[in-house]
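Attaching a single structure in structure tokens format; questions to follow.
Order of writing sets the chain letters: A, B, C and D. Residues in each chain are counted from 1.
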Amino acid sequence: MKVSIVGATGYGGAELIRIINNHSSLSLESVHSSSKTGQAISTEYPHFMHKIEKILMEINPEQMAKTSDLVFLATPNGISKGLTPFFKDLNIKVIDLSGDLRLKDREQYQKWYKKEAASEEVTGSAVYGLSEWNQENISQADIIANPGCFPTASLLGLAPIIKNFTSIEDIIIDAKTGVSGAGRSLSSASHFSEVNENLKIYKVHEHQHTPEIEQQIKAWNKNSPNISFSAHLIPMTRGIMATMYVKADRVTSSREIWDLYKEAYEGKPFVRLHPPGSFPCTKHVYGSNFCDIGVAYDERTNRITIVSVIDNLMKGAAGQAVQNANLMFGFNESDGLLNLPLFP
Amino acid sequence: MKVSIVGATGYGGAELIRIINNHSSLSLESVHSSSKTGQAISTEYPHFMHKIEKILMEINPEQMAKTSDLVFLATPNGISKGLTPFFKDLNIKVIDLSGDLRLKDREQYQKWYKKEAASEEVTGSAVYGLSEWNQENISQADIIANPGCFPTASLLGLAPIIKNFTSIEDIIIDAKTGVSGAGRSLSSASHFSEVNENLKIYKVHEHQHTPEIEQQIKAWNKNSPNISFSAHLIPMTRGIMATMYVKADRVTSSREIWDLYKEAYEGKPFVRLHPPGSFPCTKHVYGSNFCDIGVAYDERTNRITIVSVIDNLMKGAAGQAVQNANLMFGFNESDGLLNLPLFP
Amino acid sequence: MKVSIVGATGYGGAELIRIINNHSSLSLESVHSSSKTGQAISTEYPHFMHKIEKILMEINPEQMAKTSDLVFLATPNGISKGLTPFFKDLNIKVIDLSGDLRLKDREQYQKWYKKEAASEEVTGSAVYGLSEWNQENISQADIIANPGCFPTASLLGLAPIIKNFTSIEDIIIDAKTGVSGAGRSLSSASHFSEVNENLKIYKVHEHQHTPEIEQQIKAWNKNSPNISFSAHLIPMTRGIMATMYVKADRVTSSREIWDLYKEAYEGKPFVRLHPPGSFPCTKHVYGSNFCDIGVAYDERTNRITIVSVIDNLMKGAAGQAVQNANLMFGFNESDGLLNLPLFP
Amino acid sequence: MKVSIVGATGYGGAELIRIINNHSSLSLESVHSSSKTGQAISTEYPHFMHKIEKILMEINPEQMAKTSDLVFLATPNGISKGLTPFFKDLNIKVIDLSGDLRLKDREQYQKWYKKEAASEEVTGSAVYGLSEWNQENISQADIIANPGCFPTASLLGLAPIIKNFTSIEDIIIDAKTGVSGAGRSLSSASHFSEVNENLKIYKVHEHQHTPEIEQQIKAWNKNSPNISFSAHLIPMTRGIMATMYVKADRVTSSREIWDLYKEAYEGKPFVRLHPPGSFPCTKHVYGSNFCDIGVAYDERTNRITIVSVIDNLMKGAAGQAVQNANLMFGFNESDGLLNLPLFP
């Protein structure tokens, strides 16, 4: 199967290249960029030197349709909603890593993204690519809306609770991310001297991943409440941790909660549950597609603490995108994604 | 006024030396250590080279009583409860930076610290040194229990809410700290290769600062609930951020909340309130005694988000200790503490 | 004495504000910027919130001459050569932190900086502000060319050798700097995800500080050779280390070398010599104006290794600038600069 | 082929496990440790959770000989010299990652390592495993002395010069390493708060990798001089850069030098030469087995600057060890080592 990547100069695009290079059935046909056309990808990313010899090409859907079976759109928000219809008409499969196709409610998109939403036809045909919980739909999809990094960590962490408790009153998600999540575009928020030895909170009550999480938990359980979601910038490059606080609607126990997770993720190759009383750190999944989860119940407050970690560029972006490609094409779900995390 | 420092080889002790060197009325009489007696402090800490020429001495309360007016105990938990009675009998004032004298309920100490508690006599005579909210008692105290780093950030952030809302249902404190909070003792939790590019949660539902925070908020408002408190280790050296989520018991507004804080901290030299919609980062207080606070109200969830940052070694330890010394001796509250934060 | 700062939104400017706030005889009259006129400096730098209440003003030399006795030019290379003549004519003293006025040979400036050089009149009247070695000229100067960060560390480390050995064959300076040296302007070279967990060399054989170092060592000793100079970017914010390798022209000993340094820097408040066999690290001078030096001789190769560290924003920029102001005005050389380093 | 790892709880051991998990022909038979016998490796390293299910076993050469074809000794210096004779007698192949078997001159070992040297029989039978330059001997060896991290970066960078210039006068190697090179044992030199935002030089003129480099360059060219070698600790986890300064014995050009490297490493899968004028950074090889090299000649000083980067745990330890295993067993040299670097 041949694949093309649009937005190959961004971090998500580069990570796709790295993964596909390891894949037994996907081969990289072409890389595309709106700004660096004609340049070698290894000039932009010298870590590919001598190994990936592609030249960045224009984004020309008709040309791409002739050579590729699948296109990954690793573009900023606001781009793929315009590109997707072309690929749809040309019958190439699309996996969109941006936020454009995730929200079914166009008003919500406009409110949180402060941009014009994609057409209903496009969002209507896009399948939400949370691999572990939407496998069947993904396997039949032509267009995948690949989940956001925070929603991936949060939803994998919340699912067993949302699906097993009738009514959850309160959900607080205190999320923390490495700086690569902000991408390769220059900004003072990613300027080394302002980020290093520093800890920031940003987009308080305004983060666009909030409605994406709410859309899914309300689909799972219509009693789900609105969430409080905060994002913090950690002075590290990769990794997301979502620390979640959920008020149980009845008395439970750490063991009962743990058993729910154990059952929910039995046999899932990329979700790993920590033993009771133990919690993951982001480095346990560094460079890999794993989502590691730890849970505990606190009797003093009748509250459950759930900790979910991923590599934001892998399970939070390119890794899950390839996992979804595997599901779409009927490959082994883990193909290209078997590398162990890098530690230390 | 002459002061002595016990535990001068730890980070809290070193920070006390740095501050006192800047103080107009306190002078450093002697530095003490249980393990490095006879060694120059500048050998242990070469950044003091040629500037601080003290030799580390034994901990001999009788000798210290002859030369010093005040002793700072910058010792690990479990030490000062044994030392304080000696200093008390010798009529030297004591400021204890450890957790030994903070909890009035000895059972709580034993439950959370898993150590034998100090005697009731000692804890009974210790005044909790949260400078901004206990100024009068501090000014008349002989023994100060200097607050913990997380409680300082949390309580300064919660006070205006706790004192102005009748009944708060839920309080979640998601705390994040730099690694210097773990001290200078070697441990794998402070080993560079395991901490750098990593993010950990620790002591989930078990952190010993939990009862310290609850003791104070229940003293302020007996309706205060038990709190959910989590601590995270951030790959940076200095800084604490407490992100707090509080469910209001009535509809309010960001402006009403902000005004409560404005009024509460008017005229306080070390608490700085961010303008509405703006939040502090830890680097804004780096190396200084400030506590910077930002607040916002979210109508979607009727929840208030409060962000409070301090330098854990300054306002979270040595800085507040000197602030308390200033209050005890009637000096200007800011003496020795006027340096602006180091940025970047 | 009243001072103004041009380029107050850069890191060097912010550091000047921090130091002057600590100074007994200098007071900050005004802050100037070409791009952010009308904005509060505390909006640009919230760590100054409530403490520094200045508004950024236009750069108007005539106005500044009416109110200030001294202006610091903390501007990028290429700006001060145009501004200095105005201040000169208006009889305000100038301390220029940029590279514009340092090289006496205009062709050298043009070759290494790839910009038009300042007029001979301007460079001719500027005194090179290496405080420890040019004190007398500085004290009588009206215009100071404040040394570069690498030249400061390198020259303080080389001086005792250059002045005491007749003929030095080889000088290699392997310099390392924190990222704040690249300033606050956005660039991919300062983008967090590209710098963190990374180590780069840059401007190999082309760094503009090369001729500045050579100009001074040849002034000290005309037999001095051309130097090999390399700069490396370290994933940290502050600090410079120059590791220097010098081939001795005769057999010597670690002790003889050490004695040269001891004598050279006796009584100098900001240069601290490590004991034989011991070497400084950058954190020993963090946030301070110190230059710490260690030296050793290797019999196997007849080569001397000299290690010199500074805080690039302090002794490498704003700190030395204030030290020079102190010398110019006859203040205590250490005024405003007595803070101990921040550790850890 | 079945392999065992002794010292599996160290970083080198963990990295071997990660690589072997990716290898088509090597399978991990057993992991051994002197201190954590009976514990699961995934308890020690939770990033292996659910994927590597081995229990740490005693170091019993006779047992190991029954099940394994090759043993990797990833032990501290001073251990493998005692273990190797057992494995030799039992006819298991050994790849030793420590420094014990590298120096042919036992007095040199004792002088620099300050430990008793291995017997002449053992060092005599060990082949130095610098894969690119000793391929033939490695392919016939039973015992490999795997090169040190600094020697690997330095020697790959120096080889084309040493072998092509008759007489090199001066060689200065200014080496920089990430902290993982110091291993997993706790020490204040690896304590986060002392390393982060800091830059240190260590073992000036005394680093035990000095004689290892000299032994090899003198074997290549008997006119090679003693080297000046310095090691610096960089606040990052992985990566080594050797910046090398070599005085040419005749006038040359950047192009002539570059051509030497081009020719020397043509067809070598793991050495990548940067284009003229361009230099590598450590992140270009992160997590991979590459050694990236850049070179330039400076006419002003007749000196060549060579920059060589590796991942210290990969090409500097476990990666090269597996590369050597591939050569010993006649596998494809790149088996298990084809992953692209992780960036960012």
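We adopt the following convention: contacts are C-beta pairs under 8 Å (C-beta built on N, C-alpha and C of every residue); 3 or more make two chains touch, one makes a residue touch a chain.
Composition by chain, UniProt nomenclature: A, B, C, D = N-acetyl-gamma-glutamyl-phosphate reductase.
What you see is a predicted model, and the numbers here were worked out from it, not measured in a lab.
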Legend entry - Selected interface, A-B versus B-C, where C-beta contact pairs are more numerous: A-B
Inset, instruction - Could you tell me which of C-D, A-C or B-C has an interface matching A-D, in the sense that over half of the contact pairs are shared by residue number? - result: B-C
Legend entry - Interchain centroid distance [CA atoms averaged], chain B/chain D, Å: 46
Inset, instruction - Give, as an integer number of Å, the spacing between the C-alpha centres of chain C and chain B. - result: 36
Inset, instruction - Report, in whole Å, the distance between the mean C-alpha point of chain A and the mean C-alpha point of chain B. - result: 38
Inset, instruction - Can you tell me which residues of chain D touch two or more of the remaining chains? - result: 11, 178, 180, 193, 196-197, 235-238, 283, 286, 344
Inset, instruction - Sort out for me which residues of chain B touch chain D in the complex. - result: 11, 178-180, 184, 186-188, 190-193, 195-197, 235-237
Legend entry - chain C residues touching chain D - in the complex, by the definition given at the top: 170, 172, 174, 176, 178, 193-194, 196-202, 204-205, 225-228, 230, 232, 234-239, 241, 243, 245, 247, 279, 281-283, 286, 294, 296, 298, 300-301, 303, 305, 307, 309, 344
Inset, instruction - Write out the stretch or stretches of chain A touching chain D in their complex. - result: 11, 14, 17-18, 21-22, 45-52, 180, 196-197, 237-238, 272, 274, 278, 280, 283-288, 292, 338-344
